[in-house]
């Protein structure tokens, strides 16, 4: 009655990125133990080297699409793009870190290793095609981020953010696990492919469990992605966490989360019982996120909180593509393209903004008023920040505009004209607070803090990160096919 | 039937203990009731012939995790008596209502689904499942098995680093 | 030459990049880089014009596929046809002259290189807007010019009010852009494509004449145009935009960017022809803007604000032309307006320079003695804008008024006529106050007044020359001319009319040459009246008016006899009335538009602070929020099953 | 004969709900973590029940993974609590409202 399980056949090249990433992170921890104290800051450059190596290995691994570990992972084109985005994000995060890590006395080795572990979780999340692997990847990612959030041990705000993030995260994970249990109970499998196969048969008896299970899993993802009714942790955690980690939480974990959500939705969406009506939940969540995110951002005084709310709104925009993918199969390809492109765009814009915030912030202090007159004292930083804000607003020819255009046109093709209109209105509202940052930087008298910023060197790595992301924001805005034509 | 009597006894005790975890004001008592809940659940697992999970439940959960909890409770010397949130005095009814909504809607689906399944009998498991579990774990579930080790490594590194006392030497090495 | 049209946006784009990157090293040489690029664009534009003139167009150049979503593709493609080539010429010529002028005007200013980088970026965006072959690319140019405009408005960042001006401009324009984007999405939704040719070819098939969809699309497009071209009710940002350097006002806020809305409507004339309601609204808003802005212009003291209101008013004329279906006339007015308004602004720049930065006309006077060239060019341009016979403005404005009359909009024609009177009055008022009479400047500044260097006067002379003669491109048939301009644009601007003709909804009105001549005479008369009134008030001074009338114009002697009547009429109806109207318009502006914007902002803010109160920082409050969300998700899943 | 399933699932959901209530009304961070452990245990019970109904060892194995997740979370969580206790002298979540707005 039960077949003897066999050892899944493994190709080294297919699993190399994951294995090497893991070993690399451990090696950095070990090296940190044995290195003398003054040499320990080599960890971050080593970490960057690791990211480059993984990028190379990933390209190798994705040469041929495959399903290592008996179908638990799936190395398809979609995952490839997500991994590219994650690696770019991770690389840029490491680049913007050194001065912050130095300034706040964060242990280099642990910081880098945990960052790499978090990236491992993200990459696995993007390729996992099985619910338990997905859960474990999510946990690898989340635990690393909980710890990284609280890594500024001398800063009580950092610990408080870690506490909130951890408790609420564990709370949402419990729902996610319950959801997996119900999905398993309805279909008898945790492999998404098998679930999709068994749904029509199982659906007759236990359709309700599929819905409950999917609903709970969706709720878990909504937490990770900071989508509207489950977004409330985000501003507090973003404010309290070390700024490079905030950037990483805001970008990487969202990219990975959306990738995983895409996999789950794709396995369920073709099931007969899932009509277009079913996914109106996503419609409501998207609208909530866009409205709440954009409105609440207007009254924020802290740049990190502002970006937190803006990231909630952007999650709402991105969720539109998931809605389209789930409910209108005809537009699925376009919407997937829109999703991938927007994830890249979102990553670049946010990392640029946070990169400038790190260069300007002193001791975790990031009041918008401190950016006053930055254009006079450090014009390049101000220009970079302005570019990020314009791109977030969606002004052409930046990636932000092209990304929004992709998303809204996919929505229109799918017949969600009203969503496109709401999204557009929301982005008109968003112009108010993004613009405020620009106005403060360009048209106010320089503040004491801005003058101090000008005296401090930005640092070579951070400058490189800012340059790369600025150039990419403009170039990918003018030539979007460069990214979408990668594969 | 003694088995069903035993089952219902475990059911009631588990439920009561779970309630007491929330209701008891002393954190140590809460932990003890949590252990009791876990033991009852292990008993229920045993009744379903899931001996391995039951064993793990007792050894790892009740034995290891809860000891860790108790250890931390003692370490932090939490003498102050746990009181419920003051803000939630008035909101408690809403909290209970929300949870009831959750319970009712998910529970109702279980009733509806299972009513259609009346005739389905659980198939028999092979008598000796542990070798099969071991084999499946290391073949089909090899990847999650490895990932779990990564997860534990992260937890260890993180816990050690966050909870570590700040030594005076640390300031000098990072400056 | 058509194959090289990509050079037109490319050259200023490169200049912007080079100056942006190496501005510190280039310093004053950055001006020459920018000018060289602009001169290059003139050459290419002329070449394109030559080819189009010889029947080679319309020509589309595909650069690359910019966005492709499934079967829908947004190409980065440039379209050269009669319409775009005219705009190319205007932008490149006026642009080059303003660039040259700027080297003198901005000499010694901080951020010289930055200024030229932004100006080149503006030229790049404007060319992109004009040459775009689809709505998306046009929108990019549209946003680009907007962005450069805000950057340049905020150029003097020391002035705190410049910040508010820039911000106001940005938000007002975002409202317009929202409409534009929505229109783009609606077009895409209904037609599945966004290229101009694709949409316009399909338009008669997919859009019912006067149908709701096409009306919505055109109104939304017009919303974008209203924002960008500063029409009622979104015109508030333009006068404030005068905070920027004067050459910027000349180029962006007078000659080119603000006409983008007009250009866009003409580009979409097929759609507008299918939506008579929208046309009517365009015409009414255009006429109302022309009138109200002119009436506000009469009472302004700041020379740049007078010119700003006159720009708004002239843009109103253009929209009036479009609204009554005279698309070619609208473009012709863009063409002539670019020259005389550019000239006026540059002259104003010279004057302000001479006055050491003082804009107030009541501090000026008598400057014609020291600034001969400026005075003469300002005079020429003033004649043109007032519509003095045989100047450029005469032909273009007259064509608009005639078209309005002919299409049966008698009231709008009257409004336009009154606005023409006011235009003549306030423009000559500014001329007289600035250049004639006795100097009212403080001694220290009086000594400082001098003619500007050649780099600044040369563009004035060129522009003044064009202001006088540009009208001869399109002498109406009734004056034995060929109406060449209209003829040239005919393939583009007449497509809407052709479609209407095919649909048998248009009824061509008979052409009555005598009537046209009569109307021309009427408008000439009213312009002369306006000039005379200004002369009487500001040169002769009020008490001597009767004598002046009697001596200079025998014809008006009888009129002057009724001094009390004229006096009363002027005082009680005209002066008071205008002032009241201007005030009312301002009130409308401040209380209604600002009120709406501020009110919305207030509402948003109060919602936001309420949202903020929810964010107590208390862990379990967030947990309750999460539980509500989870319940909602599961419940909705179960309900919608 | 599905009564074992309905009983188990009801018990599982009941314990899960009690866990939610515990999460929402407790003040002590450790007690909150214990409430989360309750929820995870409830999920385990559901897993085991389903595994039993399919007579498959997969469900059993899934439970092992969930238990490990709970372990790792507990370790990290308790470490964070210790850190907070050191800096503030309390792990009362009601007092952790520095970040808000």
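As written, the chain order gives the labels A, B, C and D, with residue 1 at the start of each chain.
What we mean here is this: contacts are C-beta pairs under 8 Å (C-beta built on N, C-alpha and C of every residue); 3 or more make two chains touch, one makes a residue touch a chain.
Quantities reported herein were computed from a predicted structural model and do not represent experimental measurements.
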| item | value |
| --- | --- |
| Identifier of the chain whose CA centre is least distant from the whole-structure CA centre | A |
| Separation of chain A from chain C, taking each centre as the mean of its C-alpha atoms, in whole Å | 43 |
| Rounded Å distance, chain B centre to chain D centre (Cα mean) | 5 |
| Chain centre separation (chain A, chain D; CA means) in Å | 26 |
| Chain B and chain C: spacing of chain centres that average the CA atoms, whole Å | 70 |
| Residues of chain B touching at least two other chains | 85, 87-88, 95, 99, 102, 105-106, 109-110, 117, 123, 132, 136, 140-141, 144, 148, 151, 154-155, 158, 162 |
| For chain A, residues contacting two or more additional chains | 1-2, 132, 136, 139, 143, 146-147, 150, 153, 162-164, 167, 171, 208, 211-212, 235-236 |
| For chain D, residues that touch 2 or more chains besides their own | 19-20, 23-25, 32-33, 49, 53-55, 57-58, 65, 69, 72-73, 76, 80-81, 83, 93-94, 96, 98-101 |
| Chain contact graph, described as a line, ring, star, complete graph or other shape | complete |
| For the chain B and chain D complex, residues of the former touching the latter | 7, 11, 14-15, 18-19, 21-22, 27, 30-31, 34, 37-38, 41, 44-45, 48-50, 52-53, 56-57, 60-61, 64-65, 68-69, 72-73, 75-76, 78, 82-88, 92, 95-96, 99-100, 102-103, 106-107, 110-111, 114, 117-118, 120-125, 129, 132-133, 136-137, 140-141, 144, 148, 151-152, 154-156, 158-160, 162-163 |
| Interfacial residue positions of chain D with respect to chain A in the complex | 16, 19, 23, 29, 32-33, 36, 39-40, 42-43, 46-47, 49-50, 53-59, 62, 65-66, 69, 72-73, 76-77, 80-81, 83-84, 87-88, 93, 96, 98-101 |
| Chain C residues within the chain B interface of the complex | 618, 620-621, 624, 627-628, 630-631, 634-635, 638 |
| Residue numbers on chain C that touch chain A, as the complex places them | 64-70, 72, 74, 136, 139-140, 143-144, 147, 154, 157, 160, 162-163, 166-167, 170-171, 174-175, 178, 181-182, 185, 188-189, 601, 604-605, 607-609, 611-612, 614-615, 617, 619, 621-623, 625-626, 628-630, 632-634, 636-638, 640-641 |
| Footprint of chain D on chain C - complex, ascending | 612, 615-620, 623-624, 627 |
